[in-house]
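One chain, subunit A, links the two complexes that follow: it is found with subunit B in the first and with subunit C in the second.
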Partner chain A sequence: MIRATARKICMLGDFGVGKTSLVARYVHGTFSEKYLTTVGVKVDTCEVARPDGTDCKLVVWDMAGRNGVDTLAASYLRGASGLLMVADGTRAATLRTALDLLMQARAVVPEAAAVLMLNKLDLIEHWEIEPLTVAELRNSLPVFETSALSGDGVARAFATLTAELPA
Partner chain B sequence: MNDLDRLRQILLEEDRRALAAAAQRLDVAESRQHGLAERLPQALEAVQSGAQRERFARAMAAPVASALGNAVRGNRHLIIDALFPIIGPTIRKAVGEAMRGLVADINQALESSFTLRGLAWRVEAWRSGVPYAEVVLKHTLAWQVDHLFLIERASGLVLHRASAPELPALDADAIAGMLTAIADFVSDSVGRDGGDTLESARVGEHVLWLIQGPRANLACFIRGVPGSALYARLQERLERIHAAIDADGASGELVASASAEALDLAALTRDAATAEPRRRTAWWPLLLVILAAVTALAWHLLRDRSWETRMDALRTHLGAHPGFVLTGLDDTRRPAVVVHGLLDPDAAPLEPLLAAMRAAGGAPQLAVQGYLSADDAIVLRRARRLLAPPDSVRLTVSGGVLGLEGVAGSDWLDTARLRAPMIAGVREVRLEVAPAATPADVARAELEQLSRQLPEIKGVFERGVAAVPASEAFVDDLAERLRGIEQRAAVAGVEVTLVAVGCNDATGADRTNAGLREGRGAWLRSALIERGVPAALIRVAGDTDPDFQDRPLERSAYIHMALSSRP
Partner chain C sequence: MSALPAPVLAHLQHTVLARLHPTVFSYASDGRFLGCSGEPAVFGAEADPSASADLLRDLFIGMDEDQPCELPFIVLPGGRSTHLHRLPDRDGFHILLLDAGAEHARQQAQQQIANEETLAGQEKSKAIGLLKRIRSDLESERGELEEANALKSALISTLSHEFRTPLTSVFGYLHLLERVIGRDPDAVPALRAIQRNATYLFTLAENLLEYGRGDSGAALLHPDEIDLIALARDVEAMIRPLADDKRLELIFDIRVREEDRPVYDELRVRQILVNLLSNAARYTIAGRIAVGLAFADGQLTIDVADTGPGIPPEYRERIFEPFNRGGPGGRKGAGLGLSIVRRLVQQMGGRITLDSAPGQGSRFRVELPQQVRTTGADAIAETPDRTELWTRARTAIVVDDDPDVAHLLESLLLDLGFKVEIHDNAVAGEAAALREPPDVLLVDVHLSGASGNALVFRLRAQGYRGAIVTVSANASREAHDAALKAGASTFLTKPIELSRFIHTIQRALQRGS
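After this line comes the complex of A and B, so read on.
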């Protein structure tokens, strides 16, 4: 079977955690954000350098915020090589939602690589997520504190995910 | 055992053994039949995997077909219910594809057949000898495949792509991903039973076809209006790609090669262009249009000719109308007609003529200006209007010469003599009108004539003064001629004097004769007075009256009438 040169990445997370802001900062936008509220997803692309020096094209599916993987979301997840889970550090509940979404997404794409982005690092003084919790999470999957406002941690998260994508 | 039993044993021993053997075989068969249900699936599975598979299939074909036929005949509803989930979508899909292609072809044929553009194409096909279908194809192939994406069905990632060379670069991965998401969204939103998918979309002059396959989809971005052949070719190419993907031992290079070949835009366009079905050129639309055009032209020419004939007739009648000069006929707003010209006030009115020439647009309208005509007929009408001649005068005009003939009173004659030369169009007057007599003149003439006649009416006397009775008839004649003499004298404006003159022959003495002359004159006067002649008017001529000295020598008497002017 001929394989595509690009890789499909799905970005999942609760409402208002900053997925679209992260994508807007990092990827090459082609479509309007109105698709998020109409179709439920917006697809953009970006070029990320692999550890071996080659470039990898990521096709990022920014999926509208949701609490669970329904039928439509499942169809969007099909064929994904990587999962970008996003939570809001200032709202602990969004971390539980992100982890729940990760479990559900694994049922659809069990082989996909995953990283967790704890967003809104610029509001660290208001975070509800305890550092101990973050440390425990790092034992299960790569975790990055990011800020869509400043861009801190975003590039590293994408680079790590790219490096861990299955061949 | 008694003898009877022994005998029976001897006679029936052989039959008993045969019966026992048959019963044993029956038991064996029943025992085999009893376990058949458990053994049959296993046996069938063994046959399917063994060398006897083909033989078994051939052997089972006939009984299975018969059994299926019996089942269809006997349990029709059961079979229909069982096949319904399969047959329904299959039939729908087949009919839908066929109808879509048919409708597209019909639409294209109709659009091209009944338009000016379609007629132009038919003329081009007729002139060039190329089938109409090819001409239509040449012109309707105003489409171009801008982009062709082979998209992995599961992930929405682009497996292969081809784009027209002149187009700007685009993010194919993002577009393919978004397209896949939208297709999934549409399918999940409005698709029935998950089987219906987004197949096409149209935006302005662009058409998007999304041809679905089990492993990959083909997205085709087309500019223009493509025909159904292109869709069929794309389906064939997608099937070839899937055949390469599904082939045993297919390598990535092989699939990539098949994909590249399938997505060759130039070859795809060429195949689609030549795959259009060739239809026999139908000439009836063109013939129908030509027939309609010829009919319309003939009708127009006939109507135009009829109109021109009518206009010529109108022009001829107006040109022959005395006192009217036609300067133009305006028929630009048919059927309304406006007549322009110059009209003499003495010409006969044009309205009756125009009313006789009325048509669908009504009688022609008049737009005339006044002028004076030198036409003889009009000059004659003008002379009659200005001179108002009596019935006894006849007027003629010829070459501008006005002729007046007849009798007329002196007053009219004086006026005519002054006015006639001044009438417009008259260059010469020929006056031949005699002045008419007055009653006085007539009466005077009659009296003069009577005065000449009276001396000839004489009475003859015998001897003496008494008239011969037979001669008294002249007295009656005289009285009749003198009746109303006073009135006639008054009309003539004269004084009348009647003198009764007596005469004698040469014989006799002078005194006697003088007496006879006076007596005979007196007798005549008296006789006339008796018959109504006014006595004041009549006297007897005296013997010394100088006017009657030379009297005829005969025995007679007569009346002399003298006329004199009234004081």
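After this line comes the complex of A and C, so read on.
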């Protein structure tokens, strides 16, 4: 039996919502305006401190944008302790996709912790998601309005997920 | 299956190995890294193979350890896309890395195009949706503006209409007062002041009503044969007190033959004359106002020249704009008069010109082509013999629920030698008219209970053939047409001026039903 030395986190969401940019912001502190689609999975790692004072290694699986969990995606999800669901605030449809993906992902990894990132907070004037909707979502899971551009909310979302990872 | 020929196998081994750069990380059963072989440098693992080995091992967390397992297209932190295979072995396991860079690049290029197209399509849909919303908002706003404009017009029309009824009393009783105290030197200035202000109010009400009609006014033109001489006299009677008050000389030069009955909308021509003349009277401090009225070769020419302050060139266009009172003469009116004049002239296909210079006075010239008559049935057969109409005692019934107006009409009719009977409702008026038909029946449109038009209609429906004059404060073409359609002989608008009143009674007596 291989000892779990790290925690696997999967990022899921429609294409173009900013998953790769969020990882780049969180792990490397960088941001690029250029959109480059992800094929397969981009893997990155980082060390984070847990609330109990221990360090934890996160292996972040930035999965290609999709609107459903197929066999391949299910294979990528296997073993994940946490799910970072990402939606684009300027595209309401991506929120529905994120929630659908969450439901499907939970069928594969029912114990995984999950948070929802509503990205592109810097474009709030163009958001299609209503504040009331966000308030209602918060009754179901932690929700963070984030901006990969400015970094707003990104670290808090990762920290919250890390804190909620199952032991 | 037989083995492949050795040269083929050698070629395949060479090309596949060259393309995939197979690299193997080997582990003990407890996950301990044992070593690597192949080309770890291709995957950025040559510097610290142990750290890379830890990451690779962690990628398979939670997966079945006893079965071969594949993770395609894993982009490692170094940026290399890799197909990862974990292969169990008797004493541990191996992780095989196969380079997927070329395949990844191809797929990424295709996916990039597809995703960008989808995003562009979504943006386009969003933009179209936004444009539709903007258009819908604009249409909605336009609807609201049109509604507000209609309300504004209705309000202006109602207000100006409401002006007319009290002005009827004012003008009428002024006439009576003039007869009684017109020679009293102390009373004349007071009478003139009342007349001047009533005229101003009347002009304002007419202009507001016209303004409220908006640009649809052309459709309301109602050309008919008109008596230009009588019209000129009416207007002169209205303006002369204003001129006298300022000791201005008012000269009328009328070049119209008695027998001429040119076809124009009388109300509109009157409005043009009243506006031009009241402006001249208002702005001229001393000197004279000369009015020329000529009809020849199918064209009516109105010339109004004054010795007022004149209009500088920079104001000449501006004075024709509504609510513009910025001329050198200061703020003496509502600023509607000349804009209304120009609009009416344009509606009648005519033109207006201005010749003016500061200190030299102003001269407005209006040329109106004769209109096409639209109310043949209403035309006067011939000018009545005025003296003949009054040679015998006549009877009149007045139906009006406003006692002031009823009393005024009674006074005017008594002056003309009529015997007058007054009723304040349609039922009593109808019964009286049928009982003993008068020579002329005057009916106000707005009566409490059944309307004046209903009364006229009912009378005509019972074969009543006497002369009926419908009186209304509503000067609109619709009101005029509705009255005639109900059966009125003529239509008289308030406020009532004596000369127009006499003319209307004459026409009604000529026409009957």
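Note that the second predicted complex is superposed on the first by the 153 of 167 C-alpha atoms of A that agree within 3 Å, B and C clash if a C-alpha of one lies under 4 Å from a C-alpha of the other, contacts with A are read in each partner's own complex, and residues count from 1 in each chain.
Everything that follows uses one rule, which is that a residue touches a chain if its C-beta (ideal position, glycine included) is under 8 Å from a C-beta of that chain, and two chains touch if they have at least 3 such contacts.
Since this is a predicted model, take the numbers as computed values, not measurements.
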Is A:65 touching the first partner subunit B, the second partner subunit C, both, or neither of them? second
According to the stated criteria, A:16 is in contact with first (subunit B), second (subunit C), both, or neither; which is it? second
Examine A:8 and indicate which partner it touches, taking first as subunit B and second as subunit C; both and neither are also allowed. both
Thinking of the overlay built on chain A, is A:91 touched by subunit B (first), by subunit C (second), by both, or by neither? second
Name the contact category of A:36: first (subunit B only), second (subunit C only), both, or neither. second
May I ask you to decide whether A:44 touches subunit B, subunit C, both, or neither, giving the answer as first, second, both or neither? both
Could you say whether A:76 touches subunit B, subunit C, both of them, or neither, answering first, second, both or neither? both
In the superposed view, which residues of subunit A touch subunit B and also subunit C? 1-4, 6, 8, 35, 39-45, 57, 59, 72, 75-76, 78-80
In the complex, the residues of subunit B that touch subunit A are 152, 154-160, 171, 173-175, 177-178, 181-182, 184-185, 188, 215, 245, 250, 252, 255-256, 259
What part of subunit A is in contact with subunit C in the complex they form? 1-6, 8, 15-16, 35-45, 57, 59, 64-65, 72, 75-76, 78-80, 91, 93
Touching subunit A in the complex: which residues of subunit C? 30-31, 54-55, 57-63, 65, 70-77, 81, 100, 104, 107-108, 111-112, 115-116, 118-119, 122
The answer for subunit A against subunit B in the complex is residues 1-4, 6-8, 28, 30-31, 35, 39-45, 57, 59, 61, 71-72, 75-76, 78-81
